[in-house]
């Protein structure tokens, strides 16, 4: 989950990272009650990158200018997102600009401090200019000094930059972050440092143990559509592709392997969901059964999905209940189907037909009973297919996703 | 790694990732499960196991515990593991998925200092077919034999075992190191264990996008592993994205390939190390037969 | 530094330890705007113990009763301290009451969790009933469960009590405490827990690194006399005895040894101050010279002090400046003395004589120059004595403190 | 404990507890001071020492450092010590006074895990008269000889040495473990070192109110120390109080005497252990002469 700039700066201010005087503007008229001095800069609070290039950052010298600029920003979507807030901020005379970050490096299983004597670096060629320090043991300020020295800083500036890094690290740990970044950290002529812009990415798994973050996430979930949520919160529950075959599985590797098999068999994988752990959008604890229900709903609501392929192997929690969920969905589809008038035009049928065929692959002794009970269901021939072999299940799903081709 | 059937095993917590069936399966397999720990439930019995409030109570009653299987809620994993370490348990298998990564960083610092072996999190554990089952791997897919499996996946691990068993290729040891971005034991450690294991004649490595462990494994195989290794990487067709926990651009600045974390980078590394790669799980037995002469 | 109950409860509330609805009353009329429901209890916010016995705790059912009770409490000093605040709090139906604490145990160099199934225990016989757990390594919640189980708790109550201990520990570390105590922790009939009263002692050395605590300490220092400050903030800079010989030294052990020597030689030690590190009341960083100046002022202002014995050995920071400070004080005394009319009645002279003789013991090569320069000062015979031998210095101080006896 | 004059020594920080005179004194004594570390001052020279920003820079230039003397501000002590430990320095002497005790708790947990010897805080360090000076003990009060001194005080330690020197009794090693409530090395460790030290023939133990180290030392002397020990306890006449950092009533509940922390408790323990106790510093030589035959 990424925070917006004004939220990042609130956090920075609280933990003691120097930020400019600024004010949150919810409506252009708020600028009449501006508490900071002109000239100011107005910045669109959106998640997308390159907002300055898109016109989301404007300077103003007077209240009238500022209101006009704010109206403009409020009505300008950036990467499809309209800002709910605009940040009004003082301006700053920077002599130098640095890049600083703390990031969780999963390859070394440790947080890493990053620093560069240039801001807005080109990542392709950052290698030589960017310095890093791995925080091997419990953090202590000397790690921050190590980085500041590697960056080539000395004396008072080395001390103040390492002081900022120290606070960034504390924020990182306190709030379970994946990333905290200051870009740029401005240095004034007299050596004072100032965080002009910042980025914070919260690790999705930890959100629920921080009441303040859980509340932020809940707000985002209630305000946005599921696609936007994935963009803002991250989408670690699955992969969003644009094909016709939706995949539900139990485990990342298993979902991925199924996806590959579908693609290799000539099918187009669509949304693929891993049901092994709670979805990011779940605000309360969920069971496997809950997640299966949610997953089926997501796939059924997705207009591009023509077939649902479920791949369960070994064991899942609540096997019996899970089978019931599948059975219920299939029977509901069936009854709806029977009440429909079947027309001769295949494509028309697909439009009215509001059910999606399900291929269920179940393997393992725990599923013996399940296979049998699903097999006894009276359904339309394509509505439910239960198989044990994965390659077969994939072939069936691919076949079902091409009804017109089959009918020719 | 102590994988003898006599070694004493504890279960900490009984969250959704472990069920009565799993416990019964471990017991049926002969695993020496002595007790469960579930704070607040001391004195009860669960799945035929006596339950205690604290690990130290179990040790008081049963003596040294060799391995603990942690299945508490994700936010309680760090505490459970630290409790196990404080009670001098030297092997920890974490089944639970969804553990916050900074908790794992803290745990790994401690485990390294105390020389504790941590497997997982988000791992179904270890099975030595016919001998011992530590975790939730479904034993019905396994049969004793000479192929070692080391994997980062959960379900996909048994998928591979199932293919081997169907093809008449038994397994020596199968371990999942866990599919999370930050896990305890590494591919390298397990490749070494399997290379030294007398029963194992060939190794199957199962990988997926994210991180750099497959690349590290490929280099290690080329340098240090004498036994034949076959690999399978899931997710070649998946779009790259942060969804699979790549560190992304930031990773490149610390001397890494911009492709870091992708299935393509892993496949390239395996090719470089001349490790045969299966296209799909069902192709693994065929590739194995080319490398070793079994049956 | 000990906090008042209402401050403790604010902290408890913030960190998630359950406390009753309560309201801070600064003036009896505040009770007209009471936001909590009657019946209430009104509690005097003072540092002294046994306030209930002294009449500092009263119950009220109506606003009129409450105002009368508050007026009463506001005008009732407890151990000499008038409350500035009264706490109005809801009442609670307790089924059981426990004692819980986290304390820094200096003997084992670790924090210790303490718990007992009785509240308000008699400390003399607490031994068998009180349970403890040493927090050997970094804290983790299992230490709290260990204690709750040792206390004989089970199931949900074990969990909720260990949850409270966990939060107490986090507070302990976050705020650098010596002690955090809940006494009593009430348990209701349905097993809900509630901190009815709490105590927090902050380690004096850490105050300056917590801006909120530094502010609290500054308030106490500005409002109270130095004796009260010692009572409230703790008096780790020295010992307050009531004799005639004030002692200044560099190091706890050295000050103690000097005190013993004075007492053994028949003298009465008074206030003894260790100048080695900053005083608690210093709100800004100090030098050794600053502390010597402050120390001399404290002793000169103390009417019972008749002689000041300074014992410096080896080396002190800023030797030359320190000698200047002593010289200045002595010369000032000297000039004041010369302008006085010496009367025949010895006791009368002591009343007008507003200087205190100083005995300075200096040993070590660094003091060679200092001894010489102090020896050249022209002073009244008793005003300054510089010696190298400690036993001699003590004998001289004791002699000077008994002018009448000597004159007989 | 490495106390040879060849061992390489570093100074971290130059706060008020150390002065140019102390540094010059150490150098004059032959202590192998190689550098100072003072963040923000790298490249400068202070008291004739090259100054660096980081400990690792010193090690890069001079190789392994044996001992560091920490004199940074009280709130920076934990960081400086952790930096030294991360650079594998195995002996740390903390001169600084006023370190918050919970910082020491954290440091000691780490030092114990890494087997680092921590002396202090609030300690003037160690002197081996005629050989090496590590800290701020004024060397003029010392003369080489056979009496070992172990103390919790700072100034009082040299007061005792001064009395010995005046009486013609030289010293083998003198160490102050620090007068804070929570310190690294203990009386017990130093009693053992002095007992094993070949030069030392008798030991003087200097204590003060607070904590239970003198009591523990008394028991240890009775059990394990063969050489004669004389004790001196300051503060017998001081009123008991929290001023001297007693844990007070709370201490009693964990199985301790209600007298815990008082000079009286210490004197009683020493009497029980039959350790002769001096009334005043100037009496120590006399008691020593009764126990050993020197001069």
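First chain written, first letter: the chains are A, B, C and D, and each begins at residue 1.
Definition applied: a contact is a pair of C-beta atoms (placed from the backbone, for glycine too) under 8 Å apart; a residue touches a chain by one contact, two chains touch by 3 or more.
From a predicted model like this one, the values you see are computed outputs, not experimental measurements.
Counted as hops between touching chains, the shortest connection from chain A to chain C is 2. Relative to chain A, the most remote chain by averaged C-alpha coordinates is D.
When the C-beta pairs in contact are tallied for A-B and for A-D, the bigger tally goes to A-B.
Between chain C and chain D the centroid-to-centroid distance comes to 27 Å (mean Cα coordinates, whole Å). The distance from the centre of chain B to the centre of chain D, with each centre set as the mean of the Cα atoms, comes to 49 Å.
For this pair, chain A with chain D, the centres built from the Cα atoms lie 56 Å apart.
Of all residues in chain A, those touching 2 or more other chains are 136-138, listed in ascending order. Interface of chain B with chain C (complex): residues 39-43, 53-57, 76, 78-80, 82-83, 86, 110. Those residues of chain A that touch chain B in the shared complex are 101, 103-107, 109-112, 114, 123-124, 126-127, 130, 132, 136-138, 173, 176, 178-179, 203, 205-206, 208-209, 234-239, 241, 249-254, 256-257, 259-261, 263-264, 269, 272, 276-278, 287-288, 313-315, 317, 363-366, 390-391. Contacts from chain D toward chain C in the complex involve residues 16-17, 19, 21-22, 74-75, 97-102, 104-105, 108-109, 122, 136-138, 140-141, 151-159, 162, 179, 181-182, 206, 208-212, 232, 234-239, 241-245, 247, 249-256, 258, 260, 279-282.
In the complex of the two chains, the chain A residues touching chain D come out as 136-138, 140-142, 145-146, 149, 154-156, 158-159, 162.
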